[in-house]
């Protein structure tokens, strides 16, 4: 697992949805980045993680906080294909950019998920304005605590 | 649309899950049949229809009330394949039998959905002990009203 | 506790709200009677019991099903006075008739509550069209099961 | 209404619950103060405001954030007496200090409520570490936004 305060590694994505061009983590420097790692057939992602990510997107200005979905498929690969994801994002009205985590050559866990040491889905990562991983929430995190963490990162100097 | 009191047509199913053998509507004569027509990527099915069908299965004895899921895919066909449905049923812990509605040769709406004149998903159908379609709920129906309708059908004579 | 199939005893009420005249159980013969026994400062009554009673009132025709609230104060008597109850009913938009259970001369438990052997609040009682107590739910009962029980009682002959 | 950045006036309280001694606003200098103004028979306070205040109390350390309830009775005075409030706080497991806003000599609106220009209940006030009123939420405020506001005030210098 990536330790807090370490520079967060760049994500590895094979395809993007809801964005005209690929997005790099580096390009978001200066903004707090909220990464929602999910699988479209994960019930906790559908009922909790993704709605929370949508609330974050509504609650904070886009120029200060970027919300990025990461489709980290580590099971049922044949079911959660990009074409299925596209239908899912449409039906669930997910409007923020979503990248498909790149499959690994040698196992079910995709590359970004592996590099970040994610334990499962949903996982919410908070990356600060300088590009460092600061919080890693596996499972559920409450809105009050999350709002506080985001605000604290927003208040930090960029460099 | 099939009128109430008319004999409900047999469903046309290409594949079954959660049952060792195919199930015909005719074989359920004598029981009240609750058909939950859904699509796995329909948000209202996931948040309302399917949980309600699971509650029905818990609340009534299986020898009196049969709960049957029908996967009536009329959009995003490439996403909602049987292999995807299988993963979905596993992740959402759906335990009642689910049949895949047979695709039509000449349009996106599958055969059983067309014969029954369903307008969309979720739709809940109630078939009485004599095999007649008695209630057709498109969208949401409240538990109190549904419980009452099921009980009234349970109380009717079979023949 | 009153046994099922026994005639339900008449309630003893000191004051009524939401009705122009006192209501006796005897006067409701021919209708299914749903009695919601509650205390205005009981959290489970506020979050579950009373909203459910309001849904019952909406879901079934008044000529077939009567919904009656019974304020069975057995603790905090000095807080849950009739004047406080009146404000509560107004603020929570409770529209069905509510009677105040008559205090006992020799203990905190009011008379109707004692005669019926209620264990606490919320308690929902179902009385059939012939005036017999048929179901006694202490705590929570699910809408599906409740709807079914009401419908079964509605379907029975009156005499 | 008190303007943001102005020093928040001292509250006027006739009686306290859940604290061994009266609490003044002045004594909380150095902490962020969350004031939940409520009435015990206000449905929005019971379903939203008070549970949110309890979540705030859980989510933030007491030495940094003080949560104070203020019972601002402006209607149904005869129902929402201190003795009724005491029962309410017990039944709803409200553990933070609650003060009873002092009645006015010449009208239904109590003194602190009037001085702060509150429009109704629930109202949540945020007072910064220097004792200045910074946010005034009448009705509902989302947890994400509230968490962020509290965190920002926590991050400010005291003097």
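Going in written order, the chains are labelled A, B, C and D, and every chain counts its residues from 1.
What we mean here is this: contacts are C-beta pairs under 8 Å (C-beta built on N, C-alpha and C of every residue); 3 or more make two chains touch, one makes a residue touch a chain.
The UniProt protein names, listed by chain, are A, B, C, D = Peroxiredoxin.
What you see is a predicted model; the values in this text were computed from it and never measured.
Peer 1: Can you name the chain that lies farthest from subunit B, using the mean of each chain's Cα atoms as its centre?
Peer 2: It is D.
Peer 1: Any idea if subunit A and subunit B meet via the same residues, over half in common, or different ones?
Peer 2: Over half shared, hence same.
Peer 1: I'd like the Å distance between the centres of subunit B and subunit C, where a centre is the mean of that chain's Cα atoms.
Peer 2: About 36 Å, centre to centre.
Peer 1: Using mean CA coordinates as chain centres, what's the gap between subunit B and subunit D in Å?
Peer 2: Inter-chain centre distance comes to 51 Å.
Peer 1: Of all possible chain pairs, which ones touch?
Peer 2: The complete list of chain pairs in contact reads A-B, A-D, B-C, C-D.
Peer 1: Which subunit C residues qualify as touching subunit D in the complex?
Peer 2: It is residues 41-43, 46-47, 75-76, 78-81, 83-84, 86-88, 90-92 of subunit C that touch subunit D.
Peer 1: Hey, which residues of subunit C end up touching subunit B in the complex?
Peer 2: 55-56, 59-60, 142-152, 154-155
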